[in-house]
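Dropping the structure in here first, questions after.
All chains are identified by letter, namely A, B, C and D, in their written order; residue positions are counted from 1 within each chain.
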Amino acid sequence: MTVIRKNFGSDNVGPAHPQVVQAMLEANRGAVASYGGDPWTARVGTLIDEIFQTETTVFPVATGTAANALALSALVRPFGAIVCDEVAHIMNDEAGAPEFFTGGAKLLTLPSPDGRMDPEVLQATLARRRISGVHQSPVEAISLTQATEWGTCYPVSRIAALSAVARENRLHVHMDGARFANAIDFLGATPAAVTWQAGVDVLSLGATKNGAMAAEAVVFFNRDLAREFAQRRKRGGHLWSKQRFLSAQLTGYLEGGLWLQNGARANAAALRLSQGLAALPGVAVVQPTEANEVFAALPEPLVVRLEAAGYGFYRWARLPGDGGIVVRLVCAFDTTEADVDALLGKIRRDE
Amino acid sequence: MTVIRKNFGSDNVGPAHPQVVQAMLEANRGAVASYGGDPWTARVGTLIDEIFQTETTVFPVATGTAANALALSALVRPFGAIVCDEVAHIMNDEAGAPEFFTGGAKLLTLPSPDGRMDPEVLQATLARRRISGVHQSPVEAISLTQATEWGTCYPVSRIAALSAVARENRLHVHMDGARFANAIDFLGATPAAVTWQAGVDVLSLGATKNGAMAAEAVVFFNRDLAREFAQRRKRGGHLWSKQRFLSAQLTGYLEGGLWLQNGARANAAALRLSQGLAALPGVAVVQPTEANEVFAALPEPLVVRLEAAGYGFYRWARLPGDGGIVVRLVCAFDTTEADVDALLGKIRRDE
Amino acid sequence: MTVIRKNFGSDNVGPAHPQVVQAMLEANRGAVASYGGDPWTARVGTLIDEIFQTETTVFPVATGTAANALALSALVRPFGAIVCDEVAHIMNDEAGAPEFFTGGAKLLTLPSPDGRMDPEVLQATLARRRISGVHQSPVEAISLTQATEWGTCYPVSRIAALSAVARENRLHVHMDGARFANAIDFLGATPAAVTWQAGVDVLSLGATKNGAMAAEAVVFFNRDLAREFAQRRKRGGHLWSKQRFLSAQLTGYLEGGLWLQNGARANAAALRLSQGLAALPGVAVVQPTEANEVFAALPEPLVVRLEAAGYGFYRWARLPGDGGIVVRLVCAFDTTEADVDALLGKIRRDE
Amino acid sequence: MTVIRKNFGSDNVGPAHPQVVQAMLEANRGAVASYGGDPWTARVGTLIDEIFQTETTVFPVATGTAANALALSALVRPFGAIVCDEVAHIMNDEAGAPEFFTGGAKLLTLPSPDGRMDPEVLQATLARRRISGVHQSPVEAISLTQATEWGTCYPVSRIAALSAVARENRLHVHMDGARFANAIDFLGATPAAVTWQAGVDVLSLGATKNGAMAAEAVVFFNRDLAREFAQRRKRGGHLWSKQRFLSAQLTGYLEGGLWLQNGARANAAALRLSQGLAALPGVAVVQPTEANEVFAALPEPLVVRLEAAGYGFYRWARLPGDGGIVVRLVCAFDTTEADVDALLGKIRRDE
């Protein structure tokens, strides 16, 4: 029997991967030191160092918002500013968490039609701001989203170019990697190449959307910046007493490359969906499908029919005139070809 | 074979209870709405309402510090103050989280030799402060710990007396119930009697120390105060996308009264330990053992020998002169009679 | 003898007006109640009520940044957002004070080529944001600058239209009136018409730039919103113990209409300068001169020569190609026709 | 004619000293650079360096609360703690400003029956806290009040002893010198000896209570700590655009030693009052009068009669039993012998 899953709403509506669950179950034995003094937390550090081919400082936390906001609080002062893309999660979807954790730093956005910032626009923006004394919030960091909120990926060269501008202006570089696995799969580059070798100081490495229950890792490549992190994490209520259950999710996720396999599965499903949609009359894929999200413009009556049929997805924007509705369709590690084909079939029939 | 567990360091060094784990495994199926729109979260609300015999507003979070700090942020303004006991967790062990989440409110402590605040001292303190305009931080809430950090419990009458003073002074009442189950077991009163019927507005209901992996519930009896909670929780990075895994811990914990059974087990072990210690020459139990923590004064050489033998516990204070070391010994739901007897035997032999 | 003043850099480089000084000297007698319990503070309230033809709640503070940031903290919650124009002082020139005083609220900007927000753009922006639950910072206020940072003024109809959109979306309305007197002079409308009658809840009424030493008044028309202001002002270190010296500046400024006379003088000087510049070949006035600031595009060699000759002003922007430099030239209440004509003559000679 | 002033309520109910006013009037000429680029601000720096016989970094601000809170924000991190005496102004009378400006740091108090902290108690307190990882707020600074809130002064040896403990524990040292001039007059020590030579890192140097309108100076002896101050001051709304009027108050206050003369006058009046009171039957001076504040226990009927006669002062505490009321009587630079004698005469007649 084939169970068709109709939920393309987000990669957070799905379950945890069995390997993650198994790691948690194995961790559930006997007494171990609390607050991170457990073997699973140590193992996370080792795994991350191996995967990124460098020595890092790693902090597990339970949510992406916590990972991003805490990471940013290590990069800017309360009176500083962060530059990000205009559709960034930290700007639009975290309820002011970055402002809260940084103590009031300002987020400034750059135009980014496909979710990616442009190094020249960054340089020009910084140059325009570099005017006077204490009246302006000094930009102290940039934040890239990889993969972006428009389902695209930053190639290594673009990251390096942005980092170069950042270094020149003495800014730190943060990467929001809620969908980092999907980006690595698409780019075919090493995790090292996409991060510290391209100038990234700290990465929010996502796991929740890609197979964990609630686990992310804040990975400092620039380890000096991690100095206050442990205290800020505790103050934010993000230090788990039984941290083994957080860390075991990450070991389960990282051991044996599960994270990459899951990312590849989700990407493949999204690509299949994207190509299927592109082939349909009246449907347009409006952003390159480079990760696990597909953005497509559909006629509104079709959108309504899909919703009525129980398909889960988000209306993202309404195009002017009769251009239709841009919807976001997200695939996850457990999205099957059958799931995708059923959706495509439904659309084909309903058009 | 009897496995002797030697860790009396905290109730957070132990594993999760199988029933909690089972509930998480059952929740790990298919796609469900994220961010709390799942059936497990709904079920938590129902269970809490039943247990407390009233309509409540409930928010699951992963840590006790998050529960306390977020709850307090609903009770006081950034320029307000909170009165708590001098050994309160919120004052001493949460790294400034209450100040962070409230936006800078002040914590003021009352003397509380056994962990409990005194209603008359509270009244006198408030009367002394009630002086002038805008220069002082207005006290806007009190926070009780139940069971207290000294392993004692507030009887219902004391809670009611403190709440009466609070009401008279227009203060809200918070209860830090990280060990609420242990208190209910000791008091033999209903959860309703110990909380809203005695004037408590909001309870941090602990589960992590008593069988969960990482789960607490913020329970608002005064539901008006919950108005901004959802936004503050998100802003604090404490809203799980896959919230079912947080809520399922709580359903597993609460269904069928597991929470009370676990609390009773931990209390019984602590009482056995306390009575055993009290019977030993040279050992003094220095606080009434009313929950799952035993505070005992031991000669320092004995403390050193226990540490060397691999027993885990905290040195809490050094008594003046030759009074010895006050140690904290914590029992949990999985502490067995054998564990306790082994420790007592070791002490008996080593004295 | 004519003293030519060459400083067009800002209206804050000049002295205080003699009538303001005189009021301060008169206040410097004997003992009076501190912290605002003095007759001058009471008089400020009366004067403001008369000028605005309604009952208000007024708080004197020493700086415009304090006035704006404290006023905004009364309008939005820490997790809320404020919409303002893209050149707003609160966004660009106050070092993050609004974020600091609000506890982390977010500032969002609208395109505003002449410094003014557009009601339709505001409506469209709010409609686009009105998506989902707790993930986005809810917009809770808008802030208008009157006169704007581009030297233009909002006509009453535009304020009313923006306020209507605000009301419909349940937003509060703040007006940054650092140059309010200049706007009133230009518009020829009553202070009431420009503020509460057009939907403004709270006004930062400037005095420093227009004749005071260091004095602004936060004027609440929506008096409910003033509830926490006194405590927030004290907590911000903005409550003067000898408040008479702050309030006396405001009585000196407001009594007998000095504020309007000063505003009119500054505006007249700016208009003379603007018209003189517009008549010169190679010079373009790039924004309508509706208050006391003139924005003009000058060839760069001319700008350099003026700087070398000791004229004070700001380079505001560099136009593309050979378009020259946009400079900002500010006139104040003590700028004379001779000052303006000397500058115009210098430019004429140097071209 | 002798004008008898009856206000002993505070040293902030009085006027500004003519020399301060004169300096402000002289500063009120022509255009000068704003935001501290004026000659008066430069002169303040020079004067402070001379007075303290060392190179300092100085920031004028308008209020004592701003001076203290901003200074403390330079010494501790948001998750840190500050130790102060239990009657400290920063703890009790600044509406949470230290918590606000530091971003949530915790204030911890030491018993201090006469307003002074004890080095041994400080050491013991720090030793007791030095327990564990990230759960406690690390103490990062101490704050002394000089003269204290009980009208006493720290001798140089006590400051040095406290600073030694601070250094050993890697804490910074702040001095709240709202009444610094009174302390210097009493101690007969140099300003250098009382501050940096005894280990003080930063001083809030008061002027408002002792002759200015609204002016204090934050003086950094440890100039590295001043790094972020300018930005924090701006963000707090405490940077005056027309800063000359703030700085001129300080030049008027400091030039020619006016500050010390004023301090000496206030102290002499207080001493005369204290000695007069001590000689009266039924009246007890309850703290040593070492500055310009007298704390005396009076029978309540006498207190009532004085209040009815229009004398201004604060009821500070009620002694147990029939011990009477402790009142605070403050003398200022303009309190005359006649003022004091009139009060003493009134008391003598009324007893």
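Following the convention adopted for this analysis, a contact is a pair of C-beta atoms (placed from the backbone, for glycine too) under 8 Å apart; a residue touches a chain by one contact, two chains touch by 3 or more.
A quick note: this is a predicted structure, and the numbers were derived from the prediction, not measured.
The interface with the greater number of C-beta contacts, when C-D is set against B-D, is C-D.
Look at the contact of chain B with chain C and you find the same residues on each copy: over half of the numbers used there are shared. Rotation angle relating chain A to chain B: 180°, from a CA superposition, given to the nearest 5. Work out the mean CA point of chain C and of chain D, and you get 35 Å between them.
Rounded to whole angstrom units, the spacing between the C-alpha centres of chain B and chain C is 51.
Taking each chain's centre as the average of its CA atoms, chain B and chain D sit 41 Å apart. Looking at chain C, one finds that residues 35, 78-79, 94-96, 100, 103-104, 134-135, 231, 234-235, 239 touch two or more other chains. Here chain D touches chain C in the complex through residues 3, 5-7, 9-10, 12-16, 21, 24-25, 28-35, 61-67, 69-70, 94-97, 100-101, 208-209, 213-214, 231, 234-242, 245-246, 312, going by the rule given at the top.
If you check the complex, the residues on chain D that touch chain B are 78-81, 92-96, 99-100, 103-107, 134-137.
Those residues of chain A whose C-beta lies close enough to touch chain D in the complex are 35, 77-79, 103-104, 133-135, 138, 228, 230-235, 239.
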